[in-house]
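Both complexes shown next keep subunit A, but they swap its partner, so subunit B is in the first and subunit C is in the second.
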Partner chain A sequence: MTRSRAALALALAGALALTACGANEPPPGASQAQATRGGTLRILLDGQTVNYDPAKSSSLAITSLGLVHRRLTAWHNKPGEPAKVVPDLADVGKTDDGGKTWTFTLQEGLKFSDGTPITAADVKWGVERSFAPAFSGGLGYHKQLIEGGADYRGPFEGAELAGIQTPDDRTIKFTLVRPYGDWPWVVSTPAFAPVPKGKGQEADYSEHPVASGPYQLVEYRKGVEARLTRNPNWSTDVDKVRAGLPDEVVFQLGQDASVISQRLVADSGDDKFAFGASFVSPAQLAQLAGNTSARQRLVTSKSGALAYLAFNTGKAPLDNPKVREAFQYAVDKTSYQIASAGNAELAGDIATTLITEGIAGREKFDLYPTQPAGDPEKAKKLLAEAGFPDGLPELDFVVSKSNNYPDKAQSVQASLARAGIRTTIRTLDSDAYTTETTGDTATFDLTLSSWQPDFPSANANIQPLFASSEIGGGGYNLSRYRNAEVDRLIGEAQATVDPVEAGRKWAELDKRILEDSPVVPLIYTRNSFLRGSKVANLFIADFPAYPNYLQVGVTP
Partner chain B sequence: MRTAKFIGVRLAGALLVLFIVGFCTYAVFYLVPADPALASCGRPCTEQNLALARDFMGFGDPWWRQFLDFVGGIATGRTFGAGATAITCEAPCFGYSFQQNTEVLDLIGERLPVTFSLAAGAALLWLVTGVGAGVVAALRRGTPLDRIALAVSVAGVSAPVYLVGLLGILLFGFTLDVVPVGGYVDFATSPVDWAWRLALPWAVLAFAHAAVYTRLTRSQMLDTLDEDYIRTARAKGLTETKVVGKHALRNVLLPVVTVFGVDLGSLLGGAVITERVFGLPGLGGLLIDAVNQRDLPLLLGCTLFAAFLIVTANVLVDLCYGALDPRARLS
Partner chain C sequence: MSDPLRPNAVRPIRGAALVVLRRDRWALAGALCIALLALLAVGADVLTAITGQDPYTYRIEALDPATGAPAGALGGVSGTHWFGVEPLTGRDLFAIVAHGARTSFLIGLAATAVSVLLGVVLGAAAGYLGGALDRLVTWTADVLLGFPYLVFMIALGAVAPAEVPRPLLLIVVIGFFGWPSMARIVRAQTLTLRARGFVSAARSLGAGPVHVFRHELLPNLWGPIIVVATLSIPGKIGLEAALSFLGVGIPPPTPSWGRTISSAIDWVGTDPMFLVFPGAALFLATWAFNVLGDGLRDALDPRTAR
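So, the complex of A and B:
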């Protein structure tokens, strides 16, 4: 307790200093010089591995994997503009039957790093390959959607996936099991990167993939580094979403997060040309406060993943929506901000919606308006109305030990206590936590989590967390929220092809779900990253809260 | 003959210990609610995908069955999956890491030189400084020199390696800029660079470990110097160097060797924190990764390997006793 208080005080002190000098700061990235072509960019990772096998990757379209592999479509990713789907290898797709079949046309003149042309058959092979049990583990939004996918086990035994046709080298046609308006987004996920037909059956394909992007992987030393050099068969003439500025990109693996931070602060030697791929932690942010040079090299996102308090809606007393509504007023979101990053500025804005900023169609609303610190009296009144005038029985509040969650849980615990809601915090290792919250049986009452969509559509904000199909079995519907009407509306919104119309439906769903209070939205979590002084054009768009690796360059 | 029997019994015991460690690791993983197949399920994870991943990796069977498969694989090798994408892990197969796409034994083999370099250098350093400081402290008992040696050793024992490592990097790496802040260079590539990059990790590890040796040596030495035979040696007119260096130190080294064997053995299994701080791609990093990624085969492999090293170190220590102490010899 004393220790966490001291840490909090330290973080607060740092945060105050940060905001104090933050008033006249130029906008993030403004102090960066213009990137030029050439040089070696270094990316410092605390993980020991980086996986370049598209089938096994869950990398965002704008990070590591995107340097080596292109997909059918890409993301428009600029600060201040909502994300939208844009052409990559192919156009953004056409459907003439309301979203059940989709046709994409590949650009002309595309080549792999080995010089062979990229054809529709290679894209098909790549998608088929992702169905092989040997290569599972990547993003699999397509697996339940493509016709024949449910029983398909990959192309290596000669079977083809019924739902993909390639009438010619440049045309690829998908037949889905149901209309799906976000299909152009789904084909921006890693599995839609081409793999030369017939290749990639070896387990270590990730260490020598055939590249379609600006870089090829020339050396992969496990736990040490991955070295990318230019793909001679790539050019900006055929790729509008990747700048391909540095001559080389080196991923340094297995670096301690604190040391990464220290190295980038020191900004000497090769580290001038480096940026850290992991978030700068609250403690490190506090350390940066007094260092003007490092402060200028800190890039913080405008918004980010939705942090939320989830209720186990399948268990009394939280199966009662009225009880859950009381929590909307009981929680002090400002103290959550302080617990997560020291202050509101660094933690992120208070959340009142499920759909996150930067997603097209998002509407801002607040169903439970109150001051940011909450209204414990109103919560008490609601609990009394719900039949609990003397408060609730003690609740089991389970959180993961990782990512500072125990501290955050304490802040929520304290704010709930103001409304007479008593909780016992139970911390679990991340493995055990995942099994407890995503498994088939759940005994907890409350938990804290956060969600960042895998692609920039409100669908990816809402469906994984609130569709009843995602309860248990590894699914992320932690609140075990089950509402037939919402399931039907999700189905309808997913089937809507027109983005404006779909956006409107998702925004309605956002409100509809929050009326039932399966979660309390807390904040849109900001992420901060640190770069060396010679790294240029490192920016973070409104969505996702990660730098766009595809545009980063270095200055001499 | 008796020696051969002694060694035989010790080896059989060692194998039994390893078997039990392997068994327990499997049992623990079965008892804790964690599914190693979840890491290979992907997102969104469906029941069907999870079942497929589980079957492919061999995690679908009951845990005792998995354990028997594992033991069998050491003798005969294993095959995961079927058809064109099947993965063969040749005998002796100590498991296959599906996250790193490599046999566990190969992964350990790749990382071992780094950890060995780190552990051997640090061990040499702490043995020399620790025992040396202990001897000096004992001989100069009660003097400021003794107190300083004790104070430094208390600091070494108490300070977390993580903190010492970071402070070391800050001071010597960034502020003074005399050593590189991390990374590893093969001995074969450049012995000078190899030593230069390891200098700071060696010093940090040695600082943490030497303390135990200083205190152990000091107290042993004080006890030994009170023994009758030391008085006899002095009475015979031997020089102090001979009394301490030849007669006393030999007895002092017995417990030191015991501790050293186990320390070195466990360090070779991976100096987790030191490797992490200095970005050294050793076994410790491998172990962390295995834990973080729910890589059960790799975790089991690393655990067994660490156990193997400790058991081996113990056997070697037993053998060393004979050399150091004639009373411990069997014939």
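So, the complex of A and C:
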């Protein structure tokens, strides 16, 4: 579980987000032509690597990994339509005992890129492989849930995972330790991609994986590029969620984020057929304001990850809920919006709930109503009531150096100062930051973070951030929030199979948790991406706030 | 500046400095510039209070609501915001530059003081006492002069615990890596002074090393010390700016020219004035100390004296 996925994000193409800026100009994002089959699509990445090992991946179902690997289920991902779980290799699963055992049936005629048939045993092998210590690091929602998973160490030591049965080549049955209504979503995570049984023991499997999706990896050079070509054994007859339009997809690696933006703004040569996988920064967005051509090629999500200010609730004085409540009024969310993207439309709406926009069951409420710029006087009053009439002792405010967090932290710092709350910002490299905030002991008082669910269920909004099992040990309960009642309610909501009923329970939990104010919800972060003029079908649906790589194509 | 002085160039310092300022127009300009920046640094609070600004308060109303860039021409320059405002925050750029001058001067001067102290004591001890100490100091100075100190400082900045105040860390580290050049010159000077009659006389009358250092050597060392120190200040101000530019210097929100320049790079296309003001301040500070140092060297060095 890397922070990048938490920085991952909700959405409709930039049209709606930007029309407010210039009513007379054509709405940006509206001018995309229809993509045709063929051509080479280029994707510009600022990272040095792109990972194609499903066991080690935390990739969303609609981004890079999805081009090469299919999973048991997939996401319905269209602008304006709610996210749903849809069949991919298999159907969406059946349970007849209230969510404790789940059976999936694979389609007929599925083949790997090497021509061998994809069987249930290959899916099982792929899941088992994700338990091997050498291949950890991917999304692990399944690891504690499958029976026998708690102390299973992977198939390379000879043992099989007790909780998965494959009665025949097309049937796979999961036995879970407790009823879990979101299981069909969990099997859309990367570990549920098939790996040919017996293969994938080598550490560099990610550089020559056996493909089940529309593309196979033919060339991988770290820091330079990853080249995908068509998988001859894949066709749209057996895959309804991937368009597979371009003949080739090339990931250019190790590009500086600002250079990516400049290349895409210039829109020359091969860059016409490229889009950037990293967010466009505020300074670059300001530059685009005067460039009509480039602005039309900006795609902004409708909503996105919840950005929040987390308190270390295990440490005085923030162990006092009254003190934390003061922060709900002290923070100026408008200056946070401007620090994030220059203006409110591009930054994203002000957040008051934990469940993000576009998630089924979300209820909008505001427990701490105030103006967007906050109410420092009310915050001071609450602090005085909590026994701190002269403000708080200096607080340690730790943030990561990535994603403009130091700038965002300064805006929060300045707004807290208005209420007499003094903070010292401490910036850390992202790895050191993750260790500091997700480790077993925490010395910080405040931190900024953002969270995008790994699958479109409120469960993935709430459980990873607020269940006491996620405190320390790499878990993302940064607030160290521990409430036995909330833990019990999370268990109950997870066991609910009916989505409507489950949604209601999660919405109640949302309120219940915010009453203790372990975090201040700041904004639902919009993400902006740039594309070249020949890239088509680049859209961002309501969830997640990332383009759907599986549908993108190019025009000649 | 490898050999700024002849060892026997001992002259009354104050007189020489005045002569420099009278005769050398560049040195005078440098000195005036330094005085101006020092005034800016010392009077930062008073000067920004005139328009009611400070470098910490966010003023979103001063920004263009569509982009977050400063509203108005030239980065929002106006009667209230003399240098305009910072994009995305609306903080007053004049206040940032003025308070940044304070940071730069504090770090630059304090680090110079550290390296002068270390350099003079070690250099004089090595030159006067000689032997194993001389070899040790010379060897250490050679190692440090060839040391990739920028990389070291970046690494140190990343691992130093948060409890250590960052300005203090910068002063000590920048100062520490600055002593070898000072020590070399002081050592060379001491070697020649040691052979001079007045030092031999003091020694033969029973004066100990400390007494000789304070009463015989030091008065004759001030010239080179002042020149080398003045010429090393701009390097140290620049180093602080470089470290802040790289994100391991002074932590936000304390203003620092280097950090502001670093964030201004991204805005150079849309708001060039955001880069121009702190950039010009950094340029002026380093240029002024350099020309003043050059002037002092010319005056105190008989080879170049006019």
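Remarks
Here is the rule we use: the second predicted complex is superposed on the first by the 526 of 556 C-alpha atoms of A that agree within 3 Å, B and C clash if a C-alpha of one lies under 4 Å from a C-alpha of the other, contacts with A are read in each partner's own complex, and residues count from 1 in each chain.
FYI, a residue touches a chain if its C-beta (ideal position, glycine included) is under 8 Å from a C-beta of that chain, and two chains touch if they have at least 3 such contacts.
These figures come from a predicted structure and were not determined experimentally.
Taken together through their common subunit A, the two structures put subunit B and subunit C side by side without a clash. In the superposition on chain A, contact of A:P179 is made with neither subunit B nor subunit C. Legend: residue contacts after superposition of the two complexes on their common chain; A:I338 is shown touching subunit C, with no touch to subunit B.
Taking the Cα centre of subunit A as vertex, the centres of subunit B and subunit C in the superposed model span 40°, given to the nearest 10. When both complexes are overlaid on chain A, the residue A:R263 reaches subunit B alone and has no touch with subunit C. Using the contact criterion defined above for the overlaid structures, shared-chain residue A:A134 touches subunit B, although it does not reach subunit C. When the two complexes are superposed, the chain touching more residues of subunit A, out of subunit B and subunit C, is B. Of the two partner chains, neither subunit B nor subunit C is touched by A:G348.
Looking at the shared chain after the overlay, A:A414 reaches subunit C, while subunit B stays out of its contact range.
Contacts of A:G358 after superposition: neither subunit B nor subunit C is touched. Distance between subunit B and subunit C in the overlay is 5 Å (nearest C-alpha pair, rounded to whole angstrom).
Residues 258, 429, 432 of subunit A lie in contact with subunit B in one complex and with subunit C in the other. Touching subunit B in their complex are the following residues of subunit A: 47-49, 58, 132-141, 143-144, 150, 153-154, 156-157, 201, 203-204, 206-207, 221-224, 252-256, 258-259, 262-263, 266, 268, 429, 431-432, 434-436, 438-439, 454, 464, 470, 473-476. Residues 32-35, 38-50, 52-53, 55-56, 81, 83-87, 99-102, 107, 110-111, 166, 169-170, 174, 177, 181-182, 184, 276-279, 281, 285-286, 288-289, 292-294 of subunit B are the ones that touch subunit A when the two sit in their complex.
Across the complex, subunit A meets subunit C through its residues 21, 258, 281-287, 289-290, 332, 334-335, 338-339, 341-343, 396, 401, 406-407, 409-411, 413-415, 417, 424-427, 429, 432.
Residues 56-58, 60, 63, 65-69, 87-89, 158, 162, 247, 251-253, 263, 266-267, 269-271 of subunit C are the ones that touch subunit A when the two sit in their complex.
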